[in-house]
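Shared between the two complexes below is subunit A, which has subunit B as its partner in the first and subunit C in the second.
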Partner chain A sequence: MTIRNTLQDHGQRYRPRMACLKKSEKVLLEMQDPKTGLKSQPQRLVITTIPHAITGEDIIAWLADRFQIDTQEARSFGSMLVALGYIYPLQDHKRLVIKPDSSLYRFQTPYFWPTQQWPVEDTDYAIYLAKRNIRKKGILELHEQEHYNRLHKWMNHKWDFIVMQAKEQYRAAKERKKPDRVVFDCQERAYWVVHRPPPGTVTAMDYGLDRQVDPNSDEAITPDFYERIMIFTQQSIMRPRVKSSVSIGALVKYCATYNNHDPFLSRCLPSNPWVTDDVTYWTLNMPCVEIPTKMRVERWTFSFAELLSDTRGRDDFRLFLKKEFSGENLAFWEACEDLKWGEAASIKEKAEHIYKTFLARGAPRWINIDGKTMEVTVKGLKHPHRYVLDPAQTHIYMLMKKDSYGRYQKSPVFKDTVKKAICPDEHRFSCAQLEQNSKKRRPSLSPIILRQMEQEQRAKMAANIDITQLCRFTTPVPHLAVYSGFTDYPTATASPSLTFLAHTPACPSPISVALDSTSVSERRTETGEGEGEGNPAARAQVGGNVSKSRMALSLRRLLKGGCTPGTMFASLSPKCHSAASTSSRIQPISPDQPSQAPPRRTGNFFQIKVDIPPECRIYPIESEDEEEESRVASRGGVGAKEIICPWESLTTQNGTG
Partner chain B sequence: MGKDECKTMLDALNKVTACYRHLVIALGSTSDSQNLREELKKTRKKAQELAVANRTKLTSLLKDKSISKEDRAEYERLWVLFSSSMELLEVDMKRSLEIGQDFPTKVPTRHFIQTGMTGSTTTVAARAMSVQNMKYEADSNIDTVDLRDLQTEITQVSQMMEEMEMKVQVAPWAVEAKQEAGAELKSNMSVGNSSVGVISICEEEPKEEEGGGSRDSGIASVCAVFVFFVIIAVAGVLGYLVVNMS
Partner chain C sequence: MTSRWRRSVDELALRGRQRGECERAQEALGRVTSCFQQLAASLGSSADGSFLRDEMDETRNLAQRICRGLSRRLLRLLSDCGPAPSGLEDRQVSERLWVLFLSALETFLSDLRKACDLIGRFPLRQRYDRRALVNTGCVDGVVAVAARVASVQAPWLTLEEEPTPDLTNHITELEAMLSEMQLRVPVAFWSVEATQPAGVEACGGLEGLEGLQEVEDSLEELMEGEIVSRRPACCCLSCVG
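Let's look at the complex of A and B:
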């Protein structure tokens, strides 16, 4: 998947409405009232006295009184006013917070107020830096120097103007009296601290992305305008409604559940990185961390969606499903998600791949969905689109949610995870440490690197797929057919099939069915069909694989060792018909190495199977061709027969399932 | 020569733009008053006259096809100077309209923002108008009347700028500046003394280097005063002895 450039300019160049600005201006105007506003005091400097200085505690007290709020909230409100630039601190001018003591602040002049319609221009900043350069005789702060050099490079064509204007503004400023000059310098500096913040500080003027429509422009009243309003009201009438008692109840429940988990509403262990600049919280909660935190694990118990949406939770669940041998459900769900959210160009091949792996009869990781859904899905797959697998995906999701999720929460896997989960201690940083933290801030890993890591992870997972975890209806013959989709599956099918058998003894496994005679006949039938269609590939493959038939034979002998005669015969009985009807004409992935099955047991077993008359075969589809002589010859080799997707072949399969 | 004329006119425009900006900054604060509005009006008018004059001169120079390449480059540079000045002027005018509407002078319930600036801006305006003293003769309702004029003037300026862009084909990004980085430090000799004073009283935070400067200068002044008194005391003692002796 390519990395998309998220910031695509679709003509977005209008700053959004910033409602807080107009509201703050009103508050500020109220503060100016000589009777009910803030009381100011003069600021005594060495040479002069400058009036209209206000103390932090006065501001907080006034806000608390005016809005009837407690001091903590008044303090945050005051800090917001300072951060936006309406009030600036006289001491410690770089930290834009309100200190609830006698530190002094002053109001900013309306020209320097933040506005939505006048963006802060780089030209003005360049002029300011040039003026500052003059005043400080060339000694600028580091970030100012960087900005200066950058602006000099990018605004070079205007640089004469900037220098001239800086000098003129400097001279014009000197025309005023000394106290006013001081005030003006402080004002301008405060303005630029807000709009070009020094590194290591957070700016309150972040407003997100620009908008396409100018919020300041008036909308023209045209027939289109009225039409839009009409459509909107009609849709509002038709909207389905929920009783407020129900919706409020849901909201209350949600808040109660998630209250402790919200890092802004309650404590965040060890500490909230946005507040303390310490990133332990993020490192502990990374997607692929070994040991999750207790809070995270607790979230997994809230709902199934929470479990799946958390990568670590999903891994845990996958591990559990692996132990239960129903990992194909999750794999199918993930594959559907991939299809939904992936590129449009790859939809067709992904859909085919999914069909071959999960949906087709005899697929290696066959999932259990009901007949109707399967029908709908297969029909839809003829013309695949993003949401073609939605019904199947929903079905599997609900299956997992109702069935596996409950068992997962009681399973030893989960209990183990809960036991091992860590609960970090809370950080207690002193002010000095906080400052140090803010200086030590570093950018996180580049998203390009993260994306690469993700892709590697995914490739690794795809390579390690335990395709050997066959479901009950898969033909577990460790046959040598290989899917066109999968390339290398080094694991042997035999041992899992053995364990699989042990797990499901009652399963009328079509394992037996997947023996020589039937499989070969099937194979030949398929080949025949393939030939009938004029599919040259199958023919060629079949021909080419004759040489491998010997090896296949011996392999099969080895691998069949696990099947007990009992199950074999049981499976041969006609009542297994329905159960096995969905099993495959398709052979699962062949192992490269023979399994560890004991070689001794195979002989008799093998011979028994050979004598079974073809009528006992369970597969309904291929019943015609029975030449058992040719079965040896036409043993399929690696990649002999591909799964034919129904929309590829003209022959329709009698899909059941 | 055309170039020198242009340059002097551009300097004048530059000066007026800078002064206008200072005046607009004072709008809405406690140093606002009726006089300020009048100053704004006068400065604006002057700026517009200069702008028109500059524009005609520069357009005639640039339209002349027979000039040399270096001349053309120089005129283009002057043109960029002119257009940047006009941009600043336009923005300042629009903002002064906004702030002027928000802070009418005569409404008693509407209070100015207590910014700490209390002095008047006469000197700035005088500098802009290039006169010694400003004369104020406007009526009391200048703020409302003026705002209407201001709106028309803003539209005029916007139109002028659009015309400029259409008629004159100058690529602003192709112009190379003559001044290098840090050029503002060189020619301004009067920077030195008074600015130190400005820095020292700007804050009282001991952590800042400026605060350090303030503390140093504070200590220096205290020491100076102490030395002064010591000398006075010594002089007094000596005088007393002289008087006693005689």
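Let's look at the complex of A and C:
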């Protein structure tokens, strides 16, 4: 009775990835030809002589001659044959390589060849270990002992059979003549070195995941089969195309850029964990490490996407933006990522939150997007879905990329990071140390713990939101208990960072493809103008300064008690600012907002409340609104602002204007 | 009254005898299958030949006869386990035999499948087919192994004489036997425990082989050869230079 243990199943069901096996077999059979094959020599042992031993250099020479390749490649090919188990070394049997000297090898018998159909059974391995136990009188190697104990536990029900069979096989092998017995034992041992490799080795039988379906079997022709073909061809037609010169050029550029950063193509400092079993490299490159490595920082300069996708890079960028007082862009972008990749149930809630925090007029962290995009976005927000904020997000992404990214790279923040970045020395491990390392291998932190850590990080970040980081277009008065919003989604590190690379703005959602057709052209004219006019950054700053002074002026007016809240805030609204702003990039939200509240409510788009926690008062009842409006007006004071989503108020009402 | 008691005693004795028979047959089966493995290991190699294949057929035949008898008797043992007083222990012993037999059957089946495939790959019908055989270093015929097979005795072997089935038919028949047995009798195989602790085979000397230990050691040394200690075992496929 076999419990099929698929843990270490090197069986080759449905593994066309191992097409090398059939080819290797052909080559091996060619080597047997008495005329054109390999010349063998007898192996002289103390008590006997065993024929058919071949030397490493002969193998390499034969391969080089047969396939017309150079020695180095023939050597790799030969090593592959050894690693797969078709040829085994007679000396140093645990190292599955071809040595280009007179070291001896022998061909493996076809019974022990690795092939497609026969899985390598744990039962056979257990019998082999029991036999070794008998021969070595209990002194097994460490990994063999571990396997033995494990199998004894899991195969306890058939252990009697295993021991019996081991004894019988031991006796049966004794019936053979001595040279053949040696050969058989060598063959069996080589077989298990290939299929149950000792720890710290790289095995050639690692083929990745098993395929569930046999790709060589015939597929039943059903209507579904044809439907899948149709969908596939339709999608192929819809795919955008690019000239091969362009795409190849991009590939070449990518390879040239990333060549030095690839841990397998070039050095990996301090050492490649997969080779030396030392995890310093991973520790130094953790997502939230204090001091990044030089290579990592260099990667941030390759592209904006690279910077954003690296958590540490994003943190650095966030710090820079904080100093520039334009952190809302990144916050908005992250909020959009969180919306895109988050749970479906929370989409509506998150969308509203984002609107109130970033998009509404007078929002605490208002972002600057052009009118058309804003119009489209707000319209879409009536029925929010995952990709509703795509156009806005793309716009902000391009804004950051073209504007802030460049400045970031010249900024003192970045220069400081570059200076502090470390460049670890290369490890030089001796043989014994490498063995020790392989024994000390431990699994990494469980994903559950990692997720907990990320959540703690997020909570910490939320608690540290700097409320002075307001958009320059909203009131900067510090004593206002401003609802700076966005407490829950500061860093979408968990899911978005994993999937970000696959879903950069370069792969737009279907909706943004449709929307982009208009906004892209707009943006292009925008940016074109912007760049044409020289230094947009300076002008934006000028605009900001102007707005700040204007705000101060308005407040002074208010405090004198001379104006109603309505007019004061009307003057503060971005609508008025547009007149003062000289940057062509900052386009006003047109006063004819289609998503505005019912026409009766003109003038101030929002109301002022005092110290109301953000959770309440989101959807006020009509009558309360009016009461509060009048209350505020009578008080003449100011307090926490509250944004009402324009689509919330559905009914017309009477109230103060 | 006493006659009923006597009958139950007789039944117990009978069942005990049957179990003993099955145990001996199991040992015989183990012997035959391990010899079969030795023969199959030479398939496709320089030691392959018509003699080898004939011997394999003989071995198969013997194994088949043992299997048939054993499966029949085990089925009988486990199906009609009546309300006997000491039924539980007997049942456990019978179940153990059952599990051992099925494990042996599975191992033998996998060997048969491999052999079938190898024979298909190295047909040896013509003389020039011998050129394709792999030079593995084995030259001996497996005469002694065959002799060992011939020496196997099982209780009912003399009774049933049938011609050797074709290899593929043999496999099909065994597969059918396996599935039939598993369907007919529900045995919880995980409840069967090993009778000996781990590692006991290493301590006990195998009967009649104590004198050969020195030879074993020298063989082991022969196999070791020289051990070059450089980087720990790794195949050079994915090393970065």
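Methods note: the second predicted complex is superposed on the first by the 377 of 657 C-alpha atoms of A that agree within 3 Å, B and C clash if a C-alpha of one lies under 4 Å from a C-alpha of the other, contacts with A are read in each partner's own complex, and residues count from 1 in each chain.
To be clear about the criterion, a contact is a pair of C-beta atoms (placed from the backbone, for glycine too) under 8 Å apart; a residue touches a chain by one contact, two chains touch by 3 or more.
Please read these numbers as outputs of a predicted model, since none were measured by experiment.
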Using the superposition on subunit A, tell me whether subunit B and subunit C clash or fit. clash
Quick one: classify A:Gly200 as touching subunit B (first), subunit C (second), both or neither. second
Touching A:Gln165 in the superposition: subunit B (first), subunit C (second), both, neither? both
Of subunit B and subunit C, which one touches more residues of subunit A? C
Return first, second, both or neither, reflecting whether A:Cys431 touches subunit B, subunit C, both chains, or no partner chain. second
Once the shared chain is lined up, is A:Thr109 touching subunit B (first), subunit C (second), both, or neither of them? both
State whether A:Arg95 touches subunit B only (first), subunit C only (second), both chains, or neither. second
Name the contact category of A:Lys410: first (subunit B only), second (subunit C only), both, or neither. neither
Overlap of subunit C and subunit B interfaces on subunit A (superposed complexes): 28-29, 32-34, 40, 43, 45-47, 50-53, 90-93, 106-112, 118, 121, 123, 130, 133-138, 148-149, 152, 156-161, 163-187
If you look only at subunit A, which of its residues touch subunit B in the complex? 28-29, 32-34, 37, 40, 43, 45-48, 50-53, 90-93, 106-112, 118, 121, 123, 130-131, 133-138, 148-149, 152, 156-161, 163-187
In the complex formed with subunit A, which residues of subunit C make contact? 26-27, 30-31, 33-35, 37-38, 40-47, 96, 99-100, 102-104, 106-107, 110, 113-114, 117-118, 121-122, 131-140, 142, 144-145, 147-148, 189-196, 198-203, 206, 209, 212, 216, 218-220, 222-240
Can you check the complex and tell me which residues of subunit B touch subunit A? 11, 14-15, 17-19, 21-22, 24-31, 77, 80-81, 84-85, 87-88, 91, 94-95, 99, 102-103, 110-119, 121, 123-124, 126-128, 172-179, 181-185, 187-188, 191-192, 194-195, 197-205, 207, 214, 217-218, 221
Any idea which subunit A residues touch subunit C in the complex? 1-2, 28-29, 32-34, 40, 43, 45-47, 50-53, 76, 79-80, 82-83, 90-97, 106-112, 115, 117-118, 121, 123-124, 127, 130, 133-138, 148-149, 152, 156-187, 189, 197-198, 200-204, 264, 272, 275, 431, 434-435, 438
